[in-house]
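Order as written gives the chain letters A, B and C; numbering starts at 1 within each chain.
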Amino acid sequence: MSLTEENGLSTDQNRSPIQNRSLTLTAADSPVVDHGPVNTPPVPRVTQAPPPAAPAAPETAEEGGRRGVKLAKISRRGDRVFSGFAGGSGVLIVALVAFVGIFLIVIAAPSLAANTADFFTSREWTVSGDTLAFGIAGLLWTTVLSAALAMVIAVPIAIGVALCITQYVPRRLSNGLAFVVDLLAAVPSIIFGLWGITVLAPLLLPAQSWLSTNLGWFPLFAVGLSSGGTVFVASIVLAIMILPIITAISRDVFDQTPHDHIEAAWALGATRWEMIRTAVLPYGRTGVVSASMLGLGRALGETIAVMIILSTPAPGAAFNPSVFAGGETFASKIANAASEFDTPAKTGAYIAAGLVLFVITFVVNAIARTIADRGVRS
Amino acid sequence: MISNRLIAGRVAAASAVATLAAFGLTACGSDPTPTAAGGEPAGSSSASGLACPAGKLTGEGSTAQGNAMSEVIANYGDACGSKATIEYNPTGSGAGIKQFYGGLVDFAGSDSALKTEEKDGVIEADKAKERCGGNPAWNIPMVVGPIAFAYNLEGVDKLILTPEVLSQIFTGKITTWNDPAIAKLNSGANLPSSKISVFFRSDESGTTENVSKFLKAAGDGAWTAEPSKSWTGTGEGKNKSSGVADGVKSTPGSISYMEWSYAKDNGLATAQLDNGGGATELTAETVGKALSQAQVKGSGNDLALSLKYTDTGAGAYPALLVTYEIVCSKGLAAEQTAVLTDFLGFFSSTKTQSSLEELGYAPLPTDLQTKVASAVKAIQ
Amino acid sequence: MTLQAEGRAARSAPAKNEYGRPSGVRTAKNILAAVLVTIAALIAIVPLVWVLITVVTKGLHLVLEPDWWLQSQRGITPRREGGGAYHAIVGTLLISAITALIAVPLGILGAIFLIEYAKGSKIARGVSFMVDILSGVPSIVAALFIYALMITVLGLGRSAFAVSLALVLLMLPTVLRSTEEMLKLVPDSLREASYALGVPKWKTILRIVLPTAFSGIATGVVLGLARVMGETAPLLILVVYAQGINLNPFSDTMGALPTMINSGRDQAASMPGYERVWGAALTLIIFVMLLNLLARGIARASKLKDK
């Protein structure tokens, strides 16, 4: 049964499809370039001018009647209802994100107002009892440091793996390899935390002590903890966790390199590496960058693996910027206190920390988006 | 173009399969059948004097008694044929008390008795009284959790520490193992010159609170901070007791405090405490000896204890925490009360208390146990 | 050097280089690149294989028992063997189902709005930007938001439904994005043919466009589900872990696989309760793997292929 029959319309009653189109379908959108007299199956003669960007108000049955054709009165209600739903969904999404931000600010505001320490520069965190003194400086440092180190480790490896899968390995094997890397994403993060602290950390201890004794003059590699609960170990585990995301998207992007470019490189006698360097990588650069930003977002927000691995510094301990020190990230600090949201003031303090994390990921995503847009435009 | 019919058919088939699978899945699961534990035939309730009423009981609170609770609930279920449903959520003492006076659970497990002073805007004892319909809530000590000071020192099988030295280690005043203060107490031991790594609980914990109470009282001024659920000393924080135990286990030259069960289960060496009466090893007896010197500061059947941390004499190990079951003396619904009294009676029985020892707890000393049993019987 | 220049250089290269063979330096670079790329792949595979071996060797014997899939943990203590993960499996599936029920229609409608109704307009750019923001929101922030909204402000108490709401925030962008990509791929000629036949816009979308894009939408849903199944943070904050079977999403306890792992990890490694952690992890990996395979299968069978 054809669509027209399904719709209960006989062909000679069809209204011009052009007249039925909504305002948003412009000539520019349609791949059909010529919008002259539309060559559609049996429709009555179009008496209106060929449709421009803004079609006139739909004709009613009267004019059709004048022209001797019975045009059915097609109800607009279905379209209105549906577009209402769709539009409502769009509005809801915008409202939701804005609401999240605003709501978090509102809930956190009383605690921020009552805060006796400087929110941005203090490393103190006293939230129980009478005085409220909390600051995110330590959290900020550890979060940024661990995420940045994870990126430094993960991005080159992810690009290498994506290149391997798309350019080096034969098709049949590459699907298997891709599946294996995707499987990394299936492992729950809590398992990475447990594996990291019980299996990986003891193995990294010798490397840690070697690095901190030999490179200890540099503040980032200063001597820190003697256990495995360091930012170093956490970053490596984070890198393993964000690897699948960056690889998967980079893989897709490299796959989409226009074959013309690749074949042109081959035709000019390029070696495989030169072909990649000149055809694949430039094309995929923006895609890889946005993939990395996605991975960065994931690394910034990773909660439970970091909570299990990182050792918390003692209250009042001196600030140690080293990667071999412990610390807390925003996410791990909030999760650590998850069962102790006793008072509104305390909850507000943690929500303030969550808000900062939200803003940071917001900024990261905005940057990724701008880079991606600029790449598309160029 | 895919025909609507085909897509619709596929979707319908897929959802039908999924729904059937879901129904099947929800239908075919079940709770494990209770197996009689320890050779005791199920349903011997009459022999052990249990009434075994049916009903549902919910409790929430301290994590320190979590292991004890789950074992005892399971044993009670075995003895009674699972007629009653008892649930205990180890979410933390603070959360448990809140849920209790909020009326959301029937009893709370807490590492410290209900506070009678105002804290964070509420007086816990008053709120609990409100919940119990004007009747006071009782703190009934049930689980005795010894706190072990576990360490990782190669070649040092016996380590003797005083609360003062412990405080100095935990506050960072003593930083190496061969410090004269430690060496003085351990003349025969081969103490290395390495740094001491201290671990502490990064999440709020009743164990931390009780350790700080102990060290403040017995530390001879070496511990000055107020006792609190959050650590105030030095070291590295780890999430949960398992994290702390793992830390000590994997880091040579480390020391920490933890519930005895974690030290035992992880095979960690524990320090002997010299509280003025000579080096005392951590055993159920030494803990019981220290606990029996505690004063009951509550009145009547409210058995809130004031633990004795100093001058406990020889053969007493005073680093311990007591977990209370906080119950309404009167005012809980009849069905819950029946299950509660039967369950707590089972819990306080000699057999159950001594079975807790292998879990790393200490049984209630006899005179305290009698008081607890009579308090439980007095719950209406 | 541009490609052309290199090409010319190669063609006019001195006779000592065979025609068609690149210079030593270029070959060396090529080999080095190949080696580095292989090393990268190996580095990526090593931890995966390591973790998988750890999980499988420790958890397989539990997962292979039929009781694992049929019994809950009620009455089982961390020191006792026995019981299964049924309560956690059912809890995870229930929470995922509720999440999908809310996120999928919302995501599809949002994508329809972006592509069919507001394409290219400022509103579409704004919504798209917001979706990008949402896709970057960490799970802990989403959980905190729902906590603040439902528990602090509305005073509703913890529930599995709250967890589902937090997970909706996480699943929505994935569903919306993949639906959007697929809708973009549906050729306009299809739509125009439908309009030409007098089909109203809404029916065109529902009956023509969506079914054509079905595979991509299904892939997006499946991948979104795979992501939210393993999220621990909302489960930590918004619901209490229960060991018995509970099918009521509005009560304050619910078992789930990630929290089953979390509750078991607080034991010594020799305890049966700790061993069950690996069984639960393996169960979760199996579920996510199945979902990924399903997504791949759907994508491969799709009529609309990406490039």
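Observations, loosely collected:
Throughout what follows, contacts are C-beta pairs under 8 Å (C-beta built on N, C-alpha and C of every residue); 3 or more make two chains touch, one makes a residue touch a chain.
Since we're looking at a predicted model, the values are computed, not measured.
Set side by side, A-C and A-B show the greater C-beta contact count at A-C. Nearest to the global CA centroid, when each chain is reduced to the mean of its CA atoms, is chain C.
Taking the CA centroid of chain A as reference, the farthest chain centroid is that of B.
Chain geometry summary: the mean Cα position of chain B and that of chain C are 38 Å apart. A straight line joining the Cα centres of chain A and chain C is 12 Å long.
Chain A and chain B, compared by their mean Cα positions, are separated by 42 Å.
In chain A, 198, 308 are the positions where the chain touches two or more neighbouring chains simultaneously. In chain B, the residues that reach two or more other chains under the touch definition are 91. Among the residues of chain C, those in touch with two or more other chains are 207-208, 265, 269. By the touch criterion stated above, chain C contacts chain B in their complex at residues 67, 69-80, 82-84, 86-87, 89-90, 93, 97, 157, 190, 207-208, 211-212, 214, 240-242, 244-245, 247, 252-253, 265-271, 303.
Those residues of chain A that touch chain B in the shared complex are 128-129, 197-198, 201-202, 225-229, 307-308, 311-315, 317, 326, 328, 336-337, 339-340, 342-343.
Across the interface of their complex, chain C is touched by residues 1-2, 4, 7, 11, 22, 25-26, 28-32, 34-35, 37, 60, 63, 67, 70-71, 73-74, 77, 82, 85, 87, 89, 91, 104, 240-242, 245, 262, 265-266, 359 of chain B.
By the touch rule above, chain C contacts chain A in their complex via residues 3-4, 6-7, 10, 20, 22, 26-27, 29-30, 32-34, 36-41, 43-45, 47-48, 50-52, 54-55, 106, 109-110, 112-114, 116-121, 123-124, 126-127, 129-142, 144-145, 147-149, 152-153, 169, 172, 176, 187-189, 192, 194-203, 205-208, 226, 230, 232-233, 236-237, 257-258, 261-262, 265, 269, 277, 281, 284-285, 288-289, 292, 296, 306-307.
On the chain B side of its complex with chain A, the touching residues are 91-92, 94-95, 98, 120-121, 172, 195, 197-200, 202-204, 228-239, 243, 246-247, 250-251, 253-254.
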